[in-house]
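Next, two complexes with subunit A in common: one pairs it with subunit B, the other with subunit C.
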Partner chain A sequence: MAILDELMRLPGAMAAFEFRGSGELLEHRIAYPDRINPATLDLLAHMCSANMSIAAMQARGWEQVTAMSGFYPVQEFTLIGFDWSVVVSALRREQHKRVGQSNLPPFTGVVLANESADYEAAFALLEHPEPAA
Partner chain B sequence: MSILTDLLTQPGVVAAGEYAYRGDRFSYRGALSEEHARMASIMCRATTMGANMEGAMFNSIHPGNGLHPPRGWLVRGPVHTVCVMANVFCLLDHTQGSVSHIVGLMRQNLGDVPHELI
Partner chain C sequence: MSMIRRLLALDGVNVVCHFRDDGSFVEGYGLMSHDDMVRLAHFAHDYRRMIQGNADQLAMFTGMRGWTPPRGWIIHGATQVVCGVGNLVCVVDRTGVPLNDILLELREVSHW
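Our next item is the complex of A and B:
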């Protein structure tokens, strides 16, 4: 998957992965197999899937209660850990929903080392996933 | 200058607040009503507690990973990003400001908050 290879070029990228809405790991790339393995990514994918669903529920409710906009649909959820961060995106799924497609693409995520993480760069790549020609 | 006051001077910040981990108090500044700030505090606290539970479980299965203990989380919509670090939340219009800058500022001020408080 080109997007995973692009994500692995981000500063501090440790792993990139795709997973189903239900959390199962699909494709992945791992830069440090001694620190991250597919089982780690699979559990992380389930965590991120759950958090993305909760965030979507809260964003939808928040907009209805406050009449504020710009929170929904949730595009990315990021967990900032002690040394690593994980950024996951639902944007490609939302784009498919918008045009009425029922077969949704997977979530896409990247694990970054905090000391060199550039969140804006990760968002930009996840929101424009087509690799440069 | 408090972290809330500092955050409010940053480009794009709509509001910032702080909640007690016990859930019995909150304070905020910015363009939110008292009731909406209370709701934001409850949602942010609940998600923070959930993230910490998940991080602890994750660490028990895959010890030594770099995610535990969690420092914070972000939820990014088309215009707004909710940034949470320790017990402080910040609502940012990310079309007017930088998420990386806000996270850096929050980590600088809140990165050493003891995890045991949760």
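Our next item is the complex of A and C:
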């Protein structure tokens, strides 16, 4: 997966991964196997999947109660931990939804070391448009 | 002048709110009604607690240090971004904003 290899070139990238909407880990790349392993990525993917769903509920509720717009659909979720961050994108899924496809691509994510994390660069890569097949 | 108000000087920042550890609203500035700022503060407080719980469980189940305590969170919507650091939350325009700078500033101001 080209996107995973590109994500691994980000400053501080520790791992890049793809996972289903239900959270199961699919493809992954790991830069430091002594620090992070596929089992950890799998749990992280489940956590991110759950957070994307909860954030979607909150965005919908927020727009209903405030009449503000621009919060839904949720396209990316970022958790900034104490030393590590995870950035997850649903943008490719949203692109497929917009053209009416029911078979959605996976979520894409990257784990970054906070010390050298460049969030803008991560978002720019994850938001790079990809035509829906 | 309130320290958090200076966050509004950053490109793209439309709203910034400060809340107490129990989620109650302290102060807020920007393009949002007072009632909605109070809602935003409650939401950010709840979300912070949820993120804290997630990070704690992830650390417990994996044994991987460095996730907890979490420093913050970011949710990107279609045109709006919501960022939370400490007891601060801000709403930012999505397009072309210096998010790295905004996060740094949020982190600095959250320590005041």
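Note that in this section the second predicted complex is superposed on the first by the 128 of 133 C-alpha atoms of A that agree within 3 Å, B and C clash if a C-alpha of one lies under 4 Å from a C-alpha of the other, contacts with A are read in each partner's own complex, and residues count from 1 in each chain.
Definition applied: a residue touches a chain if its C-beta (ideal position, glycine included) is under 8 Å from a C-beta of that chain, and two chains touch if they have at least 3 such contacts.
These numbers come from a predicted model, not from an experiment.
**Student:** Fit or clash for subunit B plus subunit C once both are placed on subunit A?
**Tutor:** Result for subunit B and subunit C: clash.
**Student:** By the touch definition at the top of the document, which applies to A:Trp62: first (subunit B), second (subunit C), both, or neither?
**Tutor:** both
**Student:** Taking the superposition as given, does A:Ile80 touch the first partner, subunit B, the second, subunit C, both, or neither?
**Tutor:** A:Ile80 contacts both subunit B and subunit C.
**Student:** I'd like to know which partner A:Ile54 touches here: subunit B for first, subunit C for second, both or neither.
**Tutor:** Both partners, subunit B and subunit C.
**Student:** So, does A:Thr40 touch the first partner subunit B, the second partner subunit C, both, or neither?
**Tutor:** both
**Student:** Common interface residues of subunit A with subunit B and subunit C?
**Tutor:** 35-36, 39-40, 43-44, 47, 50-51, 54-55, 58-59, 62, 65-66, 68-84, 114, 118-120, 123
**Student:** Would you mind writing out the residues of subunit B in touch with subunit A in their complex?
**Tutor:** Residues of subunit B touching subunit A: 36, 39-40, 43, 47, 50-51, 54-55, 58, 61-62, 64-80, 82, 85, 93, 98-100, 103, 107.
**Student:** Sort out for me which residues of subunit A touch subunit B in the complex.
**Tutor:** It is residues 35-36, 39-40, 43-44, 47, 50-51, 54-55, 58-59, 62, 65-66, 68-84, 86, 113-114, 118-120, 123 of subunit A that touch subunit B.
**Student:** Spell out the part of subunit A that touches subunit C in their complex, as residue ranges.
**Tutor:** 35-36, 39-40, 43-44, 47, 50-51, 54-55, 58-59, 62, 65-66, 68-84, 114, 118-120, 123
**Student:** Mind pulling up the subunit C residues that touch subunit A in the complex?
**Tutor:** 36, 39, 43, 47, 50-51, 54-55, 57-58, 61-62, 64-80, 82, 85, 94, 98-100, 103
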